[in-house]
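Following are the structures in question.
Both complexes below contain subunit A, partnered by subunit B and then by subunit C.
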Partner chain A sequence: MFHWLEQRPFFFAVMLFLTVAFAGFIEIIPDFAKASQPVVGKKPSTILQLAGRQVYIKDSCNACHSQLIRPFKAETDRYGMYSLSGEYAYDRPFLWGSKRTGPDLHRVGNYRTTEWHENHMMDPAAVVPGSIMPKYPHMFTNLADIATAYANASTQKAVFGTPYDQKGMPKLGTWKEAKAQALADAKKIASEMKNQQVKDMVAAGKVPEIVALIAYLNSLK
Partner chain B sequence: MKKMVIGGIILIVVLMAATFFMAGDAFQGDDYINALTMLGALAIISITIATALKYVNQIKNDTATGELADENWDGIGEFKNPIPSGWGIIFIGTIIWMLWYFFIGYPTNQFSQIGQYNDEVNEYNSKFKDKWKNPSKETLEAMGESTFLVQCSPCHGVDAEGIDGKAQDLTHRISKKQVLYTIKHGQHYLNYAMGAMPPLMAQGADAEAIATYVAGGLKGEAPAAFATCASCHGPDGKGMNGMAPNLKEYDETLVKHVLENGKKGSIGTMPSFKGRLNETQQKAVAAFLSSIKAE
Partner chain C sequence: MQSNAQLEYDYSVVKLFTFATILFGIIGMTIGVIIAFQLAFPELSNLAGEYGTFSRLRPLHTNGVAFGFTLSGIFATWYYVGQRTLKMSLKESKFLMRVAKLHFWLYFITILLAVVTLISGYTTSKEYAELEWPLDLLVVVWWVLWGVAMFGMIGMRRERAIYVSIWYYMSSFLAIAMLYIFNNMEVPTIFWSGDAPSSIMHSISMYSGTNDALVQWWYGHNAVAFVFTTPIIGIIYYFLPKESGQPVFSYKLSVLAFWGLMFVYLWAGGHHLLYSTVPDWMQTMGSAMSVVLILPSWGSAINMLLTMKGEWQQLQTSPLIKFMILASTFYMLSTIEGPIQAIKSVNAIAHFTDWIPGHVHDGTLGWVGFMIIAGLYHMAPRMYKREIYSKKLMDTQFWLQTTGIVLYFTSMWIAGITQGMMWRAYDDYGSLLYSFIDTVEVLHPYYTLRGIGGLFYLTGFFMFAFNMYKTATSGRVLDKEPANASPMA
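Let's turn to the complex of A and B:
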């Protein structure tokens, strides 16, 4: 048999290549089919939540807070159920973070409330003694960028096929509709808040950053 | 030949001596892993040199024999000898092992991160159950305090006083304002066996009287209007053995119901802590709360 092979070098080289490549094929090809599937019931962020997400990114929350609960008992005791890859299916970009100076926030919506975030963002040390988190009073006056959030969502829908406007999913619609929806969501958040200045701004049709951020944090479940 | 063997033995001794000189203290102390590693090093030295000697000897003295194959390449021929039987056995063994590993070994023994997590949790939970089967009051209070500091203090404050009204002051049961609010709005979050409390069971001066009496810790003569409350909360306000919320203090049932269902009241919203604390920890939090009660 080997004498026969040794006399046909080209055939031998092709067979050798196929033999070696086989291991590569069975390792690589299944990964193409296993693209990240959203977990059942996962919805993309609404416009207001996306605006809050932009605030989260702008103020570098992800530099100190992770959004990834690892499957260890110590972590699940404190933060809740471990994270699944399908939960990040609509995150663009993902905000896993790489260092925990503060606690993980992946399910912070389960155990903190609007009122708590309001008190905490104004002065963290007043709520959590010894906290080194800086104060973020500017979020109570700066306006959230709803227009960019709408552009962001529209782009994700057009380019990545994020399922906005589908049955049971958040509605995008036209810019006018989206703006009205975001304001309605903001009014709901503001009604649970205590800060009169924020309430007045929302009533006047403006959305401060803190409202958008709280909407985003409450959506982390 | 003799010279080579003697040279080999000298080399072995020199290498062993050098190893012992550099790392001989591995045999001292009671850590047997270090000693084992040293023994391994000594074995490697002797096996390597003995094998090298064998093959050098073979190169020097052996001659090839057997039937020549027909082909030759530029005068270089090839014997038709079969492969050594040891190699053959290992080769076939590898193929059999490959089939086993491909179809049985890998699929049935795959490492699972989530499986490891589940094992960890189950082991911890059963240990926890065994260890705190009959906890004493002191144990429960200590456990309750540490649980409180991790899970509850971010809102209720480390002193449990509610951070200047931002959350419920857990050293007191209920304030007059809260009683009035609950009478006005009812309460349907706690899922007690008695059901939801309807709004506006009492009004005006009656509500005021009830609020003053309940906020004062149900001391002295109950106002006549309290009879409305007593039909569910009991004449002593203690909730008829867990059928309705205890108005006098935070008992186990009340703590459990609030943790499971969350709550919405005059201060704001408390999220549900369902599944975050186990039963012993809920009891512990209740024990801790009754230990810090302000008189």
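Let's turn to the complex of A and C:
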């Protein structure tokens, strides 16, 4: 049979494809409907938080930080309650990471503050002596992309039915409304910060990346 | 092999891809060495503002070596091995020649664009699938072009049965096509932006949360399979018998190992998600199938080692044979190491630690890197019609790179297990013994050693580039094509 196949490349390719694809279909198809149900009380991110999540992705924070607490005592003692599938229901893409060069961040909002992040992102080793994390001063001057965060949320709502604009859920509205809301949220974060340049930028209606990133990190609970 | 004399093969596309292999190898590996030293000496992370941080450069390194260096090497050897084992020449078809050239140029442009977009921060964040949607579309185009060239060449063949190497190249083409498309299903957000001035480059994944993770590692693990494993097996199945003049040890073993690998490999993706929120049965299947994977992997490796039966003295005389045999040995090492890490209790310690990059690199540096280097060395005298410039340089390169790999994986083994054990250590009162930063500081010597190992390997790669350049430009001209052992000065 193998000799026969090897002389007929077309059938060979078909057999090959079926052999390879088989496992994938069995593994992926049955779970798809179930796994994406959100846990009770889970809300999608606000525009400002989404913009912060985009900053997290842009600078590949996930290259060194996981967002997945495994069900071991050593992990729940260190990071908090182990992660549940439903907590990730609105995450597109997922950000579990595969390497902990730095600590897990899935519940970092429970034990770090705006002020801590502000100091840490500017100079990690000043806050945690011995830290090998790079400094991110550019986040204090680069502007967060609120418009793309709005497009991100609208796409989630329109294509995937993520419950924005529903009772008790974050409001999306028009771009103008969303922009105003994001700026109001940014002002709250900036009021807890001490960097004057950041405060001035937010007062002038601009949102630096650091403000959005902190909004996102604070939402990880 | 008699008809070889009449058939004149065309190496123009092979030469282009050979050039790309060396170029992207230098770029990807240099970035690798830089980011390795950044972990040992973090000040190095802040020399180029936002464009020089570890986090921006890391995707550039992985994409550069996987889709720059390795894929170029695969394409270069494909257009060489394909023509020869199918007994056809690209000269015979204007159409296929055009397809192959277009394949190269679109590929080359995509990788250059990948460098620019990744360093600017355009990334989907999914590992080894970081490229944003416009680039993904380009990838699909040249991947299809490769398929057209492949099946076109197979259609024109004079040899009735297709050789083992071709099976493996074919598997790579088919599997990556499927995996890449499904994992990169993404929705560009610009279409729902209303009047917001949003970025055209941005997209979000079709899948969310746990499902996204599942699809990602179904892809991620098998990108390893069908970029770093199967085509490289295809390469060794052609070049080792050719260079040594020995027939492949066993046809039956080739068949068994091939179909076994094809059937088992995709199951193993689940071992990246042990103790995550993916269903238990999938984790267990991933774990079990990873152990089963030892059989077909070692099947190929043993088949290659036994091909040298009775001819082991060639290891003394030819550094090229040394590259291939050590590559095969590293393949055995990493395919026993992987299954060990996939056992749940071991994974509990190993996951998230530096043992994982350690494992990846004994495979990529030792197996993938060495086989591509060996393949290109073997091709050089045939396509440039010149003797290899320096045997001594090749030998020095071999030992330098081997030392580099050993430094790399031993330091990462120690680093990974140390870190994994420290994370879970408790004192007598039931409190965690170490804060996270303790487990970072302890790694400094190992990160330094790893950087040095990488530097050795990179230096060896520059020697390779120099040797290839000199071969092409000033090696002694050959009057006829060498049959087996590649001539070297």
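Things to note:
The working rule: the second predicted complex is superposed on the first by the 187 of 221 C-alpha atoms of A that agree within 3 Å, B and C clash if a C-alpha of one lies under 4 Å from a C-alpha of the other, contacts with A are read in each partner's own complex, and residues count from 1 in each chain.
Keep in mind that, in the parts below, a contact is a pair of C-beta atoms (placed from the backbone, for glycine too) under 8 Å apart; a residue touches a chain by one contact, two chains touch by 3 or more.
Just so we're clear, the structure is a prediction, and the values are computed from it rather than from any experiment.
Of the two partner chains, subunit C is the only one touched by A:Tyr150; subunit B is not. When the two structures are aligned on the shared chain, A:Arg78 is found in touch with subunit B and with subunit C. With both structures placed on the common chain, the touch criterion links A:Arg112 to subunit B but leaves subunit C unconnected. Residue contacts after overlaying the shared chain place A:Glu192 against subunit B, while subunit C stays out of touching range.
In the superposed model, A:Val128 lies in contact with both subunit B and subunit C.
When subunit B and subunit C are set side by side, the one touching more residues of subunit A is C.
Residue contacts after overlaying the shared chain place A:Ala184 against neither subunit B nor subunit C. Of the two partner chains, both subunit B and subunit C are touched by A:His3. Once chain A of one complex is fitted onto chain A of the other, the partner contacts of A:Thr174 are limited to subunit C, with no touch recorded for subunit B.
In the superposition on chain A, the residues of subunit A contacting both subunit B and subunit C are 3, 71-72, 77-78, 128-129.
The residues of subunit A lying in touch with subunit C in their complex are 2-3, 6-7, 9, 12-13, 16-17, 19-24, 27-28, 31-32, 35-36, 54, 57-64, 66, 68, 70-72, 74-75, 77-78, 83-85, 87-103, 125, 128-136, 138, 142, 145-148, 150-152, 154-156, 158-160, 174-175, 178-179.
Interface residues of subunit A facing subunit B in the complex, by the touch rule stated above, are 3, 71-73, 76-78, 80, 82, 110-116, 119, 126-129, 192. Against subunit A, in their complex, subunit C makes its touches with residues 38-39, 42, 45-46, 49-50, 53-56, 58-59, 121-127, 151, 154, 160-162, 166-167, 170-171, 174-175, 178, 182, 187, 189-199, 202, 204-205, 207-216, 218, 255, 259, 262-267, 269-270, 272, 275-279, 282, 285, 289, 348, 351-354, 356-357, 423-426, 431-432, 436-437, 440-441. Across the complex, subunit B meets subunit A through its residues 69, 71, 113-114, 116-117, 120-121, 124, 150-151, 154-155, 158, 163, 166, 268-271, 273, 276.
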